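Two complexes come next, and they have one chain in common, chain A, joined by chain B in the first and chain C in the second.
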Partner chain A sequence: MSISLDTGVRFSLEIDGVATTAPAGATILDVCRAVGVDTPTLCYLETLTPVNVCRVCVVELEGARTLVPACSRVVEDGMKIRTDSERVRASRRMVLEFLASSVDVSLADDMQRQMKRYGAKPERFGAEARTVRQPVKVDNELYVRDYSKCILCYKCVEACGSDAQNTFAIATAGRGFDAHISTEFNVGLPDSACVYCGNCIGVCPTGALMFVSEHEMREAGTWDEARQTKTDTICGYCGVGCTLTVHAQDNEIVKVSSPADHDVTHGHLCIKGRFGWKFVGVKKRRSDG
Partner chain B sequence: MDLHHLTDEPTAEERAAVDALLGPYLENGVSGREARSQRHLLLPALHAVADRVGWVSRGALGYICRRLTVPPADAFGVVSFYDLLSTEPLPPLTVRICDDVACMAAGCDALIGDVEKRFGPEGASNSGAAWLRSPCLGLCEQAPAALLTSAGVKPRVAALAPAALASIEAALANSAEAALGNSAGIDVDEPCSLPQAGEPQLRLLRRIGRGDPLDLDAYRGAGGYGALSRAFDLGPDGVIREILASKLIGRGGAAFPTGRKWEAVAREPEHPHYVVCNADESEPGTFKDRVLMEEDPFAVIEAMTIAAFAVGSEQGYIYIRGEYGRARERIVAAIAAARAAGLLGADVMKRGLRFDIEVRRGAGAYICGEETALFNSIEGFRGEPRNKPPFPVRKGLFGKPTVVNNVETLVNVLDIVTNGGATYAAIGTPDAAGTKLFCVSGHVAQPGLYEVTFGTTLRALLDRAGGVRGGAALQAVLVGGAAGAFVLPDELDAPLTFAGMREVKAALGSGVVIVFDQSVDLAAIVRRIARFFRHESCGQCVPCRIGTVRQEESLDRLALAHGAGVDDEMRLLHEIGQVMRDASICGLGQTASSAVESALAKLPVFGAGRSA
Partner chain C sequence: MFGAGGGTNSYQEVEDTDCIFLWGSNARETHPIFFHRVLKAVRRGAKLFVVDPRKTVTAQWADSWLAINVGADIALANAMANEIIRLGLEHREFIANATTGFEAYRACVQSYTPERAESITGIPAETIRAAARAFASSERAVICWTLGITEHHNATDNVLALINLALLTGHVGRYGSGLNPLRGQNNVQGGGDMGAIPDRLPGFQALSDDAARTKFDKAWGVTIPPERGWRLNEMFDAAERGELRTLYIVGENPAVSEADRHRAEAILKSLNHLVVQDITLTRTAEMAHVVLPASTGWCESEGTVTNSERRVQRVRKAVDPPGNARDDIDIVCDVARRLGHDLGSPTAQQLWDELRTLSPMHAGMSYARLEALDGLRWPCYDENHPGEQFLHARLWENPVRGPRAPFNVVEFEAPVDEITHEFPLLLTTGRRLDSFNSGVQTGQYTSPLRRGESLDLCPQDALRFGVRDGERVRVRSRRGSVEVPVRIDDTVRPGLAFMTFHFDVQTNMLTIEANDPKSGTAEFKATAVRIDKLEVGAATAGE
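Up next, the complex of A and B:
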């Protein structure tokens, strides 16, 4: 979460040779964004505590032995930062290559864009490169977990834990390359603490967590975002007033999200807002067909 | 917090093991808030169960989670992080056989082959016993090494070194008695680790080998607790002044000035302050801290007490790697003895200092030696390093200002306080004051722990260890462990200092010196090192989690490559290494390519010789 402790103090710093200022408490990423430097991020989200694990946002800080993560490094007066050096480009490129060589990132749009930008060639690690490929977990009627697409950005864990949902149904288990998102003893979601708020789906950047509706339509080849509409509405289940963004294709609701910048939800919902339409839809489809 | 819990029930044994640690369970007797602050008991509770039954079942984990108000998914994430804890059934008796670098030089591959033939594959239960492979067990001077763990009412962790097929067979076959705590038939050798024992010039090792290490009176009779007494006279500022004047540099690998660390914590207004002794010692080839704890435990405790006095701390922790059974037993016994003698507790030496030490036990994870991962491990979380800054002196254990020092660093403090910092600074060289412990293993005549003055050459150290065993020709020396580098026969005159090692593109690290004669396949050693890092990566950050895998894969391909393929792999390895160094969160990823890069640059099996 970017904290702007605006005490009025502003630090002077330099980004790619251009002088700028930033308030105390800002991160390097905040400054990059303020001055329009396109900085890739994968594990960072405004609404979550930075975990700084993906390392795709690294920048070169004069005087530092290693590169530093822009998303979590707080600015100090006099910092000289390079975001476009060959050293930075090489690190960002290879981080993207590491991920794309081991994970199915075909649905991670922003990552695809950054891979093009940095000229990433994940195939350079060979056809035998180890991957996280595994069967999709389909254990409930609402959403699927396809961990072949998981880049381990920790966002779902944070959204399920103290940053939003406070349910703690999932956590990172295992170690090293075998580290993965899991429930206790890998039990299915119906046996876990999960309350199907879908907040993890909302923050997942790679499509690893997906509505069953979307998963089935993609499998059937009928998912087509070009034909979809998005309509904002207020959830009618209770008095909180969450904004729902209803995604529909051919007049059928296919999923529900909530804007991350909404000051009530911060993108987070509960089962009723997120999945309540499902029951309407299910009935409708049944009577239709 | 309204937690959803596993519905499986613990067995009576599992429940008893947890209750013995946490006290009887009063349903709803503990409020959520109180229980939450007990999260730091998660790892001890997991150990309690594994000690009793050998592994952690659903019922046991569920019970622990209910008692400590920890979400089960979180707790599962913690158990599954550690090598010594299993969430799959494991027989009560296991023998872990080291297959790491020093043991490779001692022929562990053949030994493991024999064990496999006799007992079947790794992990298979064989009437209540199983064998497993292990990274370095910290017994390298007695290679090949194995470690026996037996669960039960009287759990044991015992070294089996040097291990032979016969002793491993006896251990595995004696499972029933061993599990009951009867060690008959199990061969546990006394260490023979100190070739210099009794030599007059020794400082750090001077007390070792002179009688019962747990005899507090003997320790005090030989001057023990004189340093603490002198510290009280100097006052906290005076102690820090002496440490600064001594130019003492940390011996845990990161080479940070100790005085500056203590000064920073002493000045932090936020309290409490903590003192943590890092005894996780898991760098392949390192065993110095084990010997210090086993043979001179009061020295470690006295030094921690001095640190506490200097920085204003009332609570210390010593985090000992899980594989070190004897070291833990002795430290626990020494703490109890010190407490009984008023040397720990509410009024230490009646000089108004309140300080006590809690022993924490690792569970098989090299990364937990990284200071911030160690804090997370004590606090009951996965041993994932934290991003720095903030540094431990500001936000360390439980988010509070913390001094964390290596065992050997702390033992140096005693002489500094007793004789003054200036006297200490005069020993060694200007850039490296004092003496240094070296863990010498591999193909030398007398492997063991050696203390030499900084500035001694590597050649002199090897000569003191009797040279290459059997007078064979030296191929290379691995200095600094898995995170270290190779030093060649024509570089032996480099002085053992931080700068001297830099000259030959190596680093002292934790003082590892593994000697390889011509019989060793160094390419296999390098691949073993790559496997070590791949296995020990915490998995948190991309450059290390995936980089260590790609590095290992590339080395495997390199072994089979020809012509231009060799150049391509070497280029790829350099690129992978650069990114791991530049973009990883912690020192593990940042050094995971050190030995590989060193091998590529220096060793004929890789170097330009191959691609030409």
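Up next, the complex of A and C:
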């Protein structure tokens, strides 16, 4: 979440040689987006506090020894920023290659696009680099955790924690190559503090966290986004009025998400909104009342 | 309140306020995404007070949990007022300018000292004093409530007691200060907005207002009777008297959800003609002479709903309804046609546009604007109006435009169902996070959190009644009994038991149809019960 400190003061700065202005409190990423500079991000999301772990958004700041993360560096008057220097390109490429060499990023669409853009060749590190490969964790009927696809962006931890849900069911455990997302004492989700809001799924950029419905359809080869429709509507349960994006394939709901820019939800839902739609697809609707 | 029934603040204001009272609300479980706002406020430094007989997951986030005895809310509110006035923290300028009836109110709350309230509410006097001081001295403060306030025989008085507190301190009509009922269902607010109240036309226009009625008469080409209709409980009473013989129920499951289920079922069975229009064959539908299968409102049809911040939002069709289920509008128009009235075949948008010509508070809400702006809050008088973020700003004008807001003298009354030696436990009811009402919808998905129905008891009461965790018992009230396993739960206090009504256990066999005379709501929150142990050998394994 960008920190809002709009005092009316505007700073002058230069991005790739083009002069622009930005309000005090804006980040370099905010400015890049405002002037249309495509900046890759992995761990950043508008609705979450920047954690600065992925370093893929780095830019070159004149006078600074190291590259700086665009997502969290706040603009100052007179900054001269380069977003496409060879140093920036090489750094971004390396970040993407390191991640893609060790992790299965086949479902990370935006990351794939950036890898193409920067000419990333993760295969040059060889098959031994796939250090996080492991079986999919299927321990409940609502969502699966496939940590072979986890790039440790921490978004799920943030959404489960103080940025949204405040449940703290997951955190990072281990250090260095052993770092991974884990429940307390690595117990299964049903024994953890998880309340199945699925807000971690909502922010996951790589498909490591996925509805069971989607996981099963992908395993069966029937998941086909080209045949899916997305319809925004309002949740049918309590009176908060959360926007649900209903993903349907062949007239069946296959999953539910919420738009991150919606004023009521900021992309977050509860267990009923995200998972409580099965009754719609029960062809011969019956009562249990 | 004060004319139009809706929460006075937007959700954003709850995030930005300084003091939040969640009164009879377990928002962490029942309004989870609203509670995200509360947590943002708490992390910013706002003070959170939770008034609840149970130490719910909501109460666990509070700066102060006011562990109130069920039904003692008026005693607490009046005692807070007593303390505020004693300290001179009331907003004298606002009271003088914008309200009426303060002197009578002051006289009434004089006897509600925090010490007296302690004996009624069970909340220590010092805790009441601290809550009162925090509420009155905060720059901004909101009170949000749910069914813990309204499912009582004196529901309206409970709400009036909260309104009094807001008037006393000037915590209404300003950004970040106000009164907010959190709606329990996705279109409870919209139902009220559209006139599904016995004495109102759409847009909260009074049925008794000749000019308003004439406007609708002209638009619809009929003469609307000026007499108010019946509330649900009045319909049931009329059916019992034999005055009401036909009932057409749309999207409600009263056979399960009504208090005193034995009586509700008997009444439904006694009707000459029962029509039920619903998305599944509910228990009520099973009793019907005619069932009209309907499409699911939020994903199989087009229209709008209104949320707890008065925001009207679009619902859209994402999938086709199954089999011969049809859109509610289609069904109603077809029924009308059979009854000799051609209403045509209007779309949801056409009906909405007609409403906009009749209800001034909705006039500016075109479908195009609702879609472009993610909904609009009422009132929204024309297409340039942004919709009001908060209500009743007029109360801060000097002189006040329109009528002043009245204080209402309200006195504490104990719940109707008396706790006695024979029925020594007070049963209160509520929802759990993963389930909803009678379970028609949530019963169809598998939740890892779900543990089925239980009678939640604290360890002391389990010991007192000689029951253990998981043991099936018979819970008996003056009206009926159910069999249910016991769950030892630290969130309830001695003398208090808790159940939901999400499952096969028919909790409302127990509850009392003691209705609030003004709103018709039954006292679901307070039932006197006792626990009968099942005979040895008759006990079956727990769920």
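What we mean here is this: the second predicted complex is superposed on the first by the 276 of 289 C-alpha atoms of A that agree within 3 Å, B and C clash if a C-alpha of one lies under 4 Å from a C-alpha of the other, contacts with A are read in each partner's own complex, and residues count from 1 in each chain.
Throughout what follows, a residue touches a chain if its C-beta (ideal position, glycine included) is under 8 Å from a C-beta of that chain, and two chains touch if they have at least 3 such contacts.
Only a predicted model underlies this, so the values are computations on that prediction, with no experimental measurement involved.
Of the two partner chains placed around the shared chain by superposition, neither chain B nor chain C is touched by A:Ile28.
Applying the stated contact rule after C-alpha superposition, one finds that A:Ala70 touches neither chain B nor chain C. Touch criterion met: A:Ser102 reaches chain B, while chain C stays clear of it. In the superposition on chain A, A:Asn140 makes contact with chain C only, not with chain B.
Residue contacts after overlaying the shared chain place A:Pro190 against chain C, while chain B stays out of touching range. In the superposed model, A:Leu13 lies in contact with neither chain B nor chain C. After overlaying the two complexes on the shared chain, residue contacts for A:Val59 are found with neither chain B nor chain C. In the superposition on chain A, contact of A:Asp263 is made with chain C only, not with chain B.
Once the two complexes are overlaid on the shared chain, A:Asn166 sits against chain B and chain C alike. Counting contacts by the rule stated earlier, residues 166 of chain A appear in both its interface with chain B and its interface with chain C. Residues 11-12, 30-34, 36, 39, 43, 61, 182-189, 253, 255-256, 279-286, 293, 296-300, 305-309, 311, 313-320, 322-323, 325, 374-375, 433-436, 438-449, 504 of chain C touch chain A in their complex.
Of all residues in chain B, only 1, 3-4, 6, 58, 61, 71-77, 80-81, 87, 365, 382, 387, 534-543, 545-550, 553-554, 557, 572, 575-576, 578-579, 581-585, 590 touch chain A in the complex they form. Looking at the complex, you find that chain A touches chain B at residues 51-56, 58, 66-67, 69, 72, 87, 90-91, 94-95, 98-99, 101-102, 124-126, 128-130, 151-152, 166-179, 182-185, 192-193.
On the side of chain A, the complex with chain C involves touching residues 140-142, 162, 164-166, 189-190, 194-197, 229, 231-244, 246, 248, 251-253, 262-266, 268-273, 275-280, 282-289.
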